[in-house]
Amino acid sequence: MGINILYFGMLAEITGQANEIWTIKDGLTVGDLKKLILERYPKMRDKKFKVAVDQQIGDDQTFVSIQSEVALLPPFAGG
Amino acid sequence: MGINILYFGMLAEITGQANEIWTIKDGLTVGDLKKLILERYPKMRDKKFKVAVDQQIGDDQTFVSIQSEVALLPPFAGG
Amino acid sequence: MKKIHKPKKVFMQGPISPQFVADAIAKHQSKVSIGAHAIFLGQIRADEKEEGIVTGIEYSAYEEMAEQSFHEIREDAFSKFDLTCLHIYHSLGIVPAGEISLFVFVSSAHRRAAFEASEYIVDEIKNKVPIFGKELVGPTGSYVWKENK
Amino acid sequence: MKKIHKPKKVFMQGPISPQFVADAIAKHQSKVSIGAHAIFLGQIRADEKEEGIVTGIEYSAYEEMAEQSFHEIREDAFSKFDLTCLHIYHSLGIVPAGEISLFVFVSSAHRRAAFEASEYIVDEIKNKVPIFGKELVGPTGSYVWKENK
């Protein structure tokens, strides 16, 4: 049981994969999770990205449920 | 020698023709000419129209040369 | 730097077909400095009038002056907005309800100029070009003269 | 009175062809309450970058979330503007320079709503939809990640 983390665009290039299952403890926020991710992937530190939790853009205070789908989204380029 | 007066749209229906040559005296303005036209075609009195002299919209003060092309333009409906 | 744009033929007999629009778009795919196209199409509405339902519009124009007005509107738009291309087509004669009578095609590097120019140009056409329209109503050949607001 | 609009498929593989645009226009000619169509087309520019000339863009997306964003943008536009129809199409995969990657098709009875909605919707798409793009540059397979401003 764990959260599914999706990486897109240049972030997927850094991680080398499109998604990962992470086991996290309950009660984490997006801010907490970002810290963990940046520890594992230091190259992301200088990248801009937003975090979507269950397909909604969240901020650092958004709580992550242990069954959430979390997506790391680099700058949008549609159009 | 005279001015060519063109009638368009509903105005051509009133006059029964698309154009007429009028002999006018020199020095007339659009205002003067409108008076003459409304005398000849009283049904135009309740119609809105603009007057173009040599393809430029004029006002009542615009002078009409005796070789001008004058056009009576009902409301525009392009588009 | 000021480029003079040759006057172009604007009027077409009858409706403007979707295929004509497609061909115009296709012709611009070799212009790789374009990033945005804004297209406006005026379509004939089957409005309900006292006299009956509109089945089409019959357009006429003071053609020589109208072509000159279109040319001035184009020059003005090129000077006001940063455009790559601009084409205007307008129908003469009968255009049935549901069909297209006006096609304004604006292209620019970035979208803002295309959007602004498109709306500006359509407004200018409605206000300044001597085009006249009979709204044909009902089955009996009656009509109402159209007037832009 | 509130009409719910079914989510529609927005993404298409590869470029959007002029013929596709023509077919979309043709389908709206039976809707005789429409008086104005505003169409926006996003075309790929062959911009010059430090790394070389852009030959195309390769699009990817967080598809599920993107389709949901497009749906919300449509609902929002219908509530803000008096529209008859609204269709959005966006490319995925490679779109070469000169070809079309975005097609926004807005129809309304009167032109003002169509113009305003068109610009609003394109801005919303650029800001809110999780679509990502690689600008392919030069002949050697290098690329630059694109970022909307």
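For clarity, chains are labelled A, B, C and D in written order, and residue numbers in each chain start from 1.
Assume a residue touches a chain if its C-beta (ideal position, glycine included) is under 8 Å from a C-beta of that chain, and two chains touch if they have at least 3 such contacts.
Bear in mind the structure is a predicted one, so any value in this text is a computation, not a measurement.
Note on connectivity: the fewest chain-to-chain touch steps from subunit A to subunit C number 2. Subunit A and subunit B have centres, each the mean of its CA atoms, that are 73 Å apart. Our note on geometry: subunit A versus subunit D, Cα centroid distance of 27 Å, whole angstroms. We define each chain's centre as the mean of its Cα atoms; on that basis subunit B and subunit D are separated by 49 Å.
Of all residues in subunit D, those that touch two or more other chains are 42, 111, 122. Multi-chain contact residues, meaning those touching two or more other chains, occur in subunit A at positions 79.
Interchain contacts (touch definition given at top) occur between A-D, B-C, C-D. For subunit C in complex with subunit B, the touching residues are 42, 57, 59-62, 64-66, 68, 90, 101-102, 122, 125-134, 145-148.
Residues 6, 8-10, 52, 55, 71, 73-79 of subunit A are the ones that touch subunit D when the two sit in their complex.
Taken together, the subunit C residues at the contact with subunit D in this complex read 18-19, 21-23, 25-26, 28-46, 97-100, 107, 109, 111, 114-115, 118-119, 122.
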